[in-house]
Amino acid sequence: MARTSFLGDLLTSLTKTRWPLGGGGDRRSIEDLCRALLSTAGEVSGLRLSATILARYKQMNTADRLAFFKFLNDKLDVDAGRVAGLAQAYSEDPSTENFTALVRAAEPRRQELFRRLHEMPAATAELVSARVDLLELLKEHPELKRTDLDLVHLLRSWFNRGFLRIEQIDWHTSATLLEKIVAYEAVHEIHDWDDLRRRLHPTDRRCFAFFHPAMPDEPLIFVEVALTKGVPNSIQGLLAEDREALAAEEANTAVFYSISNCQKGLKGISFGNFLIKQVVAELSQELPGLNTFVTLSPIPGLNRWLETLDGDKRAERLLAGKASDTEAMALAARYLLEARRPDGFPRDPVARFHLGNGAIVHDVHAGADTSANGMAQSSGLMVNYLYDLGQTEKNHEAFTADKKIASSRGVRAKSRAEKAAPAAPATPLLAPAEADAK
Amino acid sequence: MARTSFLGDLLTSLTKTRWPLGGGGDRRSIEDLCRALLSTAGEVSGLRLSATILARYKQMNTADRLAFFKFLNDKLDVDAGRVAGLAQAYSEDPSTENFTALVRAAEPRRQELFRRLHEMPAATAELVSARVDLLELLKEHPELKRTDLDLVHLLRSWFNRGFLRIEQIDWHTSATLLEKIVAYEAVHEIHDWDDLRRRLHPTDRRCFAFFHPAMPDEPLIFVEVALTKGVPNSIQGLLAEDREALAAEEANTAVFYSISNCQKGLKGISFGNFLIKQVVAELSQELPGLNTFVTLSPIPGLNRWLETLDGDKRAERLLAGKASDTEAMALAARYLLEARRPDGFPRDPVARFHLGNGAIVHDVHAGADTSANGMAQSSGLMVNYLYDLGQTEKNHEAFTADKKIASSRGVRAKSRAEKAAPAAPATPLLAPAEADAK
Amino acid sequence: MARTSFLGDLLTSLTKTRWPLGGGGDRRSIEDLCRALLSTAGEVSGLRLSATILARYKQMNTADRLAFFKFLNDKLDVDAGRVAGLAQAYSEDPSTENFTALVRAAEPRRQELFRRLHEMPAATAELVSARVDLLELLKEHPELKRTDLDLVHLLRSWFNRGFLRIEQIDWHTSATLLEKIVAYEAVHEIHDWDDLRRRLHPTDRRCFAFFHPAMPDEPLIFVEVALTKGVPNSIQGLLAEDREALAAEEANTAVFYSISNCQKGLKGISFGNFLIKQVVAELSQELPGLNTFVTLSPIPGLNRWLETLDGDKRAERLLAGKASDTEAMALAARYLLEARRPDGFPRDPVARFHLGNGAIVHDVHAGADTSANGMAQSSGLMVNYLYDLGQTEKNHEAFTADKKIASSRGVRAKSRAEKAAPAAPATPLLAPAEADAK
Amino acid sequence: MARTSFLGDLLTSLTKTRWPLGGGGDRRSIEDLCRALLSTAGEVSGLRLSATILARYKQMNTADRLAFFKFLNDKLDVDAGRVAGLAQAYSEDPSTENFTALVRAAEPRRQELFRRLHEMPAATAELVSARVDLLELLKEHPELKRTDLDLVHLLRSWFNRGFLRIEQIDWHTSATLLEKIVAYEAVHEIHDWDDLRRRLHPTDRRCFAFFHPAMPDEPLIFVEVALTKGVPNSIQGLLAEDREALAAEEANTAVFYSISNCQKGLKGISFGNFLIKQVVAELSQELPGLNTFVTLSPIPGLNRWLETLDGDKRAERLLAGKASDTEAMALAARYLLEARRPDGFPRDPVARFHLGNGAIVHDVHAGADTSANGMAQSSGLMVNYLYDLGQTEKNHEAFTADKKIASSRGVRAKSRAEKAAPAAPATPLLAPAEADAK
């Protein structure tokens, strides 16, 4: 029987005799508490200090948090002069002592601080939450980036992929967790419990999430899957309230129609690639009748790109809602296959994600997302990316090394149709305005 | 439902199309594989390389492993010259770019290699196991210490205390796990399943272990506890086959009579202090009648110390098995309270552990361990260390800062009795021969 | 690992080779199938027949079901003449053979049929569901009562209290189960998931249900509990959307404000008494600060009784919504303490339940349920029944044996106040019209 | 979370205030307690009485238990005279009232007593245990058979097959349960934990058991399975300590080599047939490579039958250990195919079990069980029964209806070889001495 609460109970019993958590009784400044934590050798006194610091942090307002992160950034930084000297010494005498001294000095002291704070039982979630604050502060205070780099470095280690477990989310899942699925869904909003039930409960729906053992009630990322006959061409059809569910065994296609990252504080630590591939492996095993794994994805950058095509009649027609489906799909195909950032990678962020995972651009559909958002960002167009696990590694390598965009014959034909048409003037395929965007 | 095996299945399905795990098909050297792993950006190709490297490592003989660790130690070290330059640059311009460059360069590249290997699902246990090999090699090749420092640095982060969970081991535990308790018991050997049953099943016995989520079938450390009336004075009495079990509610004392670290590969990463304190907290909650928490511990260094007391008649009598109990206990008390290493900390390693945790020397007993090993190492004497959670932090600090050994009045009286006696010549309380032992 | 599905899988594999379940292939009549099931000795052929009969039953319309139950009632009845002869034989020679023959003959054959059908893995729920049909048919066909008695006899054995387990229902419960709580709530309707959350999630709310191992997804009965300071006097206050939740440790009172039986097919098999008492025991253990356990219950028969009080001015005022609170409560107290059925037990069915469990009438409140239903049935009045586990057995016995209604001094005073008042004419306290109601 | 202990806690809290369990305080005789239990309507007073009766029963010696069962047998029997009258009345007027009166009177009152006792949470195991006593007493007091029939009737209902769950027993099973496997193994003794490990842990071994939800720590029956290539011909080979384990996927045959009923108190309630068939279904699903399911069974009645063959030279040679393997197998085949009881069913009890399940006699082997017991009962011969799920129902029906013994061509050939030989005199194939054995 697991008894994870005991560490917390213990801490309470060990510390309450001295002063309450939250540091009401400990009059030292947060800076002094951090320095004390870095210098103590006692495990229990360390835990007590960590608890005090984390409790104090939670009560801080934005200004205090900024001051705290500036302290970490400036006062708990590396001592570069000292590092230079120790590096010199090590290069002259590569002894263990010189190595140890160099390595210790070269690690910013805030890293050790984060590590010690992290020994508190519930600290994982609290440090992830603190990073949300830090990311917010970074917008105005880019110099804090150093501290963020250190925190990400540690989070990446703690959220090591080997630690994650995948779980199926369905109608047997607890309400506590289902509430979070509703809250975290980032692509196609879940309006209420009835809507949620339509996403999870029918025989032709699946949902999978990654969890970390130290945050068992918090999904890191989840993907919603529809099982279909054939590749679907609109999100409205897929999510229609009155549709008939398919028996899972009759499906030949699994459609990843929504992938949501749940933890802002883990920005930059990617789980999506692996989640998709594990779900492909899992579904293949459970349902041998499945032979096609595709997404039904938004094209978030399409309209903005169309706007850059000054004087392109078809682009204007599409933006005006007057293009034919054929024209629309041809433009979308061209955008996905050819519109690039200055660094040579695709303009479209969703395309970069799936192509980087080794998927291919499989098909485009007009009138596929007629919601307000779908019309505004992509004139109602959507795209299928196809995952063929036997090809993803090869595709990934060609994409990463040579920026090669893998695509189906059909999509290429649609794109060529567009180019073959006479109307288009010379247009910049690279959007200079987005050159420094990531 | 957790589906941890899928990552493994996925890997198999992703990689088997190219070449078998174990690298039979990949003709590159292990060094090239490591360099490839460090340079790939692909998650899946990274996993495949990791799997190949770990499989190859497992098949290596000792000479190959030595060569592998030397490669890590020498070729994947820090480039000290480069670090010196980057540190200089950062001290002149503390920009994020300079910081990033410095921090990346100052981390030995083998750390990133270990981190990438660790992303494989089962890699945690394999890296712990690799460290067992490394520790063995270190004896003859102390220069590999650098690599060991890096590996420990990472293991400490992965075995972060906040990730551990405590579990009770009892007769409802699986045979798989119980087998490991038998194998890992390091203090008082468990002879067979009947013996194990006597340790776990009676109403007055408890056992608790720490586990890490990535190694769910492997205990990290466990402690065996006896519930008693009064503080026991011998291990024979405690473990007698024919004793009558006490109802747990009738006990007033919990005795920690055996603590075993299970993972050699985690040497230097200590879990014992916290395990003991959590168990104290847990048992206090379950059994409010408990008011005393003590160990019944060996005194492994006693006889060796007695041998250093040249010409001390009582020491000679004790070594010869002819001392009275009073004499024996007086010598043991004196050893525990006064015999120091050159660094001022106690000579006895078990004493250093418990005193470092904030326990006190509570009592000593003659004839307490009459096994061959007990007679050989400590002439049959044992010691109780007492844990009073309200005092441990204060004791710990006094011990750490001032090398102060906390003890009971009774033990001090026994020790004084010894000193008051006339027979002892001047003897070295510090054992020079052990000066560099840890 | 439990593998309850295997029996089903096995059945499928054993039977599909012959003919499909549902009996499409088996042309025999349902009567012949039942006779075949009663005569087969083969376990597997028995299971196949059971599966066929149950599947056939599910597809029947009401007329067919009536015919089926008539068949059970008439053709699978006891052969009374034969029983008379065998009883005679046994009274003359009480041999084992005579005993066996008598006992077998005296059991209606449909009991053995039900038992054999019940050996199918999922049959428990199906037989409970068949009894729902039977209860409906009984209204028009009271002669089927014999069959119902036999079915209840068996259900009582299968739903033996020792088999039930209690579970807490909270926000960690699965959506599948929570949906059923919404559907089965019979006292105060749960409007949507937000409403459900307010019943289950706050720190001062609890819900417990009984389950049977053969119907793990179906609650048998559940009770909703509010933790309060002091005894509450209205359901509106208790369920107010904007109320502040209390920390559970601060509560001194547990209020059972809704008890719902979930399975119509188990009518007549009572679980409520024990559920309440187990919850009292459980909450007492979890929250030692609780010292009062009461219900906040409807008074469903109040208005109908008031209507029988021809010419009673206060009753008329209360029915007209013009009574003072004092008048209203006095009438309610009098109703609860004095209004009786012809058999001498209380008129009010909810009162009969709680008094039969050994609770006492503790207090009455005016304006306590101002919902349309609350006004219609009891002019807005509600009652607290108090459970004092030390007294329930004694109260139960006095109630059962002597029809004594235990009550608090306060309620008796309110009731006396009513009687002391001059206005009331002689009124019938026993309602003849309800004489044969149970 | 299940909280099965609460009912017990509740009971304690409800009853301890009056008198201690065990009935030290209740001076009534066990007979009076039983009568009180039958007459009480109170659920809690009923439970208290049940607890007292069961506690009192446990403390009884054999004489007291005999008296108790005699009381049940004689005083709580059916009143046959009354039944005769009520049957007469019902045959004249089949009203519900007459039906109810008849059915109630025709059920021995001890049945209701057992049912009420059974409402205690832990009573299931206690009643099973009481039946062990009753079976023992029956040997000397056959008149108690009536009470046994009633108890079996109820146990059969409570141990309804739909309630059972199958679980795999392996090295991840708790020591508590494994101990019971060792204790209950009835066919091939398990000598110690090492032996147990060899039965459960290798890749080519499986063990499955049935459990009842009210006795979760008590297996009802278990079967041990070996996965092999080809049908094995000796138990020594199958259980050899030094054999090499086979990868499960490489096996084509599953061998049921030991089936043990665990609960003497459930004698006469058979679980073996279904356990075997569920395990066949389960293993077929897990390991599609399996195409043969056989037993390796003892032939317990062989030697006793041989002894009845007066003057048969081959029988004498076999009993003297001097027969050739061919002779031995021919005799065993003839015994299995032809030796019958007076009722026409096979002499051999194990043969009756497997043939009754629809298996066939597949092969016989000489030198297959050379243990002392194997030599003593069957001169070292063993038999394979083969389960072909597509045929078992047909075989079962032919066996039950026509006493037809299904067998393989090979076994029939061996048997014919024996008969063709000249030496045998006319021998009785039916053993009169066993005529009334079951």
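In this document, chain identifiers A, B, C and D correspond to the written order of the chains, with residue numbering beginning at 1 in each.
Here is the rule we use: a contact is a pair of C-beta atoms (placed from the backbone, for glycine too) under 8 Å apart; a residue touches a chain by one contact, two chains touch by 3 or more.
Only a predicted model underlies this, so the values are computations on that prediction, with no experimental measurement involved.
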Label of the chain whose CA centroid is most distant from the centroid of chain D: A
Chain pair repeating A-B, as identified from B-D, A-C or C-D when over half of the contact pairs by residue number coincide: C-D
Inter-centroid spacing, chain D versus chain B (mean Cα positions, whole Å): 51
Approximate Å spacing (C-alpha centroids) for the pair chain C, chain D: 38
Rounded Å distance, chain A centre to chain D centre (Cα mean): 58
Chain C: positions in contact with at least two other chains: none
Overall pattern in which the protein chains touch one another (line/ring/star/complete/other): ring
Chain-chain contacts as defined at top: A-B, A-C, B-D, C-D
Complex interface listing, chain A residues touching chain B: 1-4, 6-7, 9-10, 13-14, 17-18, 41-45, 48, 77-78, 80-81, 83-84, 87-88, 90-91, 94, 96, 99-100, 102-103, 106-108, 115, 118-124, 142-143, 145-146, 149-150, 154, 156-158, 160-168, 213-214, 273-274, 277-278, 280-282, 284-285, 358, 389-390, 392-393, 396-397, 400
Chain A residues touching chain C - in the complex, by the definition given at the top: 171-176, 178, 192-193, 197, 200
